[in-house]
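Okay, so chain A shows up in both of these, paired with chain B first and chain C after.
This part shows the complex of A and B:
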């Protein structure tokens, strides 16, 4: 897969068919990968594809000027399609390399599983159903599916729906919806005051670094409402009330655009379970509007048009 | 006073005692990230699992949000009430050598021509108890910045984990004073002393990440106009505030007034040069493009701060590398500048 990607990406740059290649390179921290964005052919040797390609790269073509060759997993491809629907990127400006995806490793889960910081893991390789690790110099094997992101258990489109080149053969979904929605179910089961206290505690931690917003491909407003100060919608400084308000409004703004890529939660430095809000919204949009994000690039965005059958209970 | 020691299973008793007449902060992971939390009377086991905190101790002295004053419109104009910290003594237990140095660095800034009463009052009332690193993280590069994982002159009291016990050495008068107040201590042997030294030496060797600071000031200067370099290294950055907010030396803030017709308060909060809206309020952000903002962060740390205060505003704690969602790595950026 990797070699094919390097070869095809090299051709695109050489023939001037794209201005940039956006893929994954080796990270500078154990196990991690990092976005590799380049217009130089010699950098392409660094491209990697492995079970640690966590970043959703679909945000980059919006910012880069010109044509882009981009690597996407299933969830990322739906973000990209959603951006096409919102006219933030044009399909004809993209060459899409699709990765049929079996899931990506959640490094926090992995650390929990091995009971040690990720720093101790010097090497990891997926071998069949297992992940083989080198921890403090000794070999350790754990089931791969025990350490993938929660979103991956609920992934119905692990093979990108929109691509020019598919790197590998299609993957059939391996669903465990219950597991994917476990945390959300636990929140649903709480009574309202309990749930309120839970979120109050979570958002007391927020430091307003805007990591969640800035990594999110669905957060593309030129000026976010939190940065508007005439009038001011929420305080610029962190209080739990304003932090919660910020995140709830963000949740509404990305409704119908969020592909459950989980980047917000992964980015949050203080460990707020943001996916529990975002994924819940994905469910709501599905239930109310029968809309699944990023399926049809030619369909209008769900909230920018009206259907006679749209639910209107709230108007009663 | 010489070296003292305490059994780790006695820490809980010690902490309960210390917290009677001061605020005691210890590393805790109870909130889903590691930070310095008020002692909860219970979990003193951080020596067993703790590398470093995600949020640095600067947050205890320069909090993310702080009300500076309250104002009220009265008959004869505005009445202003200054809201200074309450002056309660604080002990911060378990500060790593890099972060202790970072506090010395922010001290320089906050006690310059403008002496910041909020920060300084908290600093005066605080005793910093350091904890040497036996197992540095993969992201650490403090040794490149003249910091040793196993020793520190920047703390008041330094602890070293020698197995079942913590070895303690007073570094300052404050530390001496604290040590004399602690119960449950016994004298450490020369053997234990040299064990601590050994652990420090081996910790040093475990650190492989590095930057080269020799001739860096000139290199930084000449990199300023190298637009291509800065564009290349900034392309993947998401312009968030994570690296700034987790950095123990970053100190920029914004100030805003919250006004409710007749009264209100003036609040300051952390701010970051990575944000496109940075400094838009008083004026304009001269750094519209992302590469200019990235350049600013590294130039501030490795050039301007050094010119103004003769210190590099980075301690090699590695938090920015660890927490950045796209793995922008300061050691790569500085390495790249040295190679230009």
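This part shows the complex of A and C:
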């Protein structure tokens, strides 16, 4: 798979069909991968495909001017399609390498499972249903599905919907929606003040690094409302009130665009369960308008059109 | 203010073409509605940014009422249809994070519906009165100092 990607990507660059290749490269810490963006053929040797490719790269073509060859997983491909709907990228400017994905390893979960820091793991390989690890020189085997991201349990489109080259064969969804929505269900079961207190506590941790915004492919405003100072919607320093307001508005801005890639939660340095907000809105938008994110690239964005029959039982 | 003589303070974002005129009509018809509402006129219900609602609540108002023309009656053809989609999502999100549903209300009131406007405001204020003062964004520690 990796070799085929290198070969095809090299051909694209050589023939001048794309200006950049956006893929995954080895990270500085063991197991981690980081985005690899290049226009040089010799860099392509660094491309990797493994069960640790967490990043959603679909954000980069928006910022890169020119034609891009990009590597996407199922969820990323839907982000990319959503960006096409918003006319942020053009389909004809992209050559998409699709990776059929069986889930991506959540390194936090993995660290919990092996009871050790991730940098003590020197080697990891997926073998069938298991993940074989070398921890401190000894071999360890754990079930793969125990350490993947929560979002992956609810992934209905593990094979990218939009691609030019599919690296590997299609993957059938292996759904465990309940497990994927566990945290949301727990919140739904709380009563109203309890929920507010929960979020209040969570957002007291927020340091407003804007990591969630900067990593989110759906956050593409030229000027974010938090950077606007006339009027100053939220203070520039972190208070839980403004942190929460910021995140709620961000949640509304990306509602109908969020493909539940979970990058916001992964990027959060203080561990706020942001996916519990975003994923909830994915459900709500689907329930209200029957809109599924990133399915049809020619469909209009959900908030730029309307139906006369839209639900309004909440109007009084 | 002491708890016993607390009066709800609510904000109404009313669209210029329908609901604001509706409120005007209820005034000229000498209908009574609670003085707890402070009305802000907006050009269209589509003008309402979710930020208006959250900032109002953050600044301590007890409730926010948003009202515009009935679907199909929008002065700008489709402003309220777009607004309706937005409101549906805002409504669900605010409920989900734990803001009492009584605090934020969306209504359709036409320019000819003076009595309805008075009724909507009356019912809304009563609902807010039931859930009590808005302490959502209060910092207990600081307030106690």
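What we mean here is this: the second predicted complex is superposed on the first by the 315 of 316 C-alpha atoms of A that agree within 3 Å, B and C clash if a C-alpha of one lies under 4 Å from a C-alpha of the other, contacts with A are read in each partner's own complex, and residues count from 1 in each chain.
In the analysis below, contacts are C-beta pairs under 8 Å (C-beta built on N, C-alpha and C of every residue); 3 or more make two chains touch, one makes a residue touch a chain.
All of these numbers come straight from a predicted model, not from anything done at the bench.
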First, second, both or neither for A:248, with chain B first and chain C second: second
Contacts of A:269 with chain B and chain C, given as first, second, both or neither: first
First, second, both or neither for A:225, with chain B first and chain C second: second
First, second, both or neither for A:178, with chain B first and chain C second: neither
Touched partner set for A:193, first chain B, second chain C, both or neither: second
Contacts of A:7 with chain B and chain C, given as first, second, both or neither: neither
Touched partner set for A:136, first chain B, second chain C, both or neither: neither
First (chain B), second (chain C), both or neither touched by A:27: first
Partner chain in contact with A:280 - chain B first, chain C second, else both or neither: second
In the complex with chain A, residue positions of chain B that touch it: 31-33, 35, 51, 54-55, 64-65, 137-139, 235-236, 238-242, 244-246, 254, 256, 258, 267-270, 272, 275, 277, 281, 321-323, 325-327, 329, 331-332
Chain C contact footprint on chain A (complex, rising order): 187-188, 190, 192-199, 225, 233, 241-242, 244-245, 248-249, 251-252, 255-256, 277, 280-281, 284-285, 288-289, 302-303, 306, 308, 310-312, 314-316
Touching residues (chain side chain A, partner chain B) in the complex: 27-30, 32-37, 55, 59-60, 64, 117-119, 205, 207-211, 213-215, 227, 229, 235-239, 263, 266-267, 269-272
Of all residues in chain C, those that touch chain A in their complex: 50-51, 54-55, 58, 71-72, 78, 81-82, 84-100, 105-108, 120, 123-124, 136-137, 139
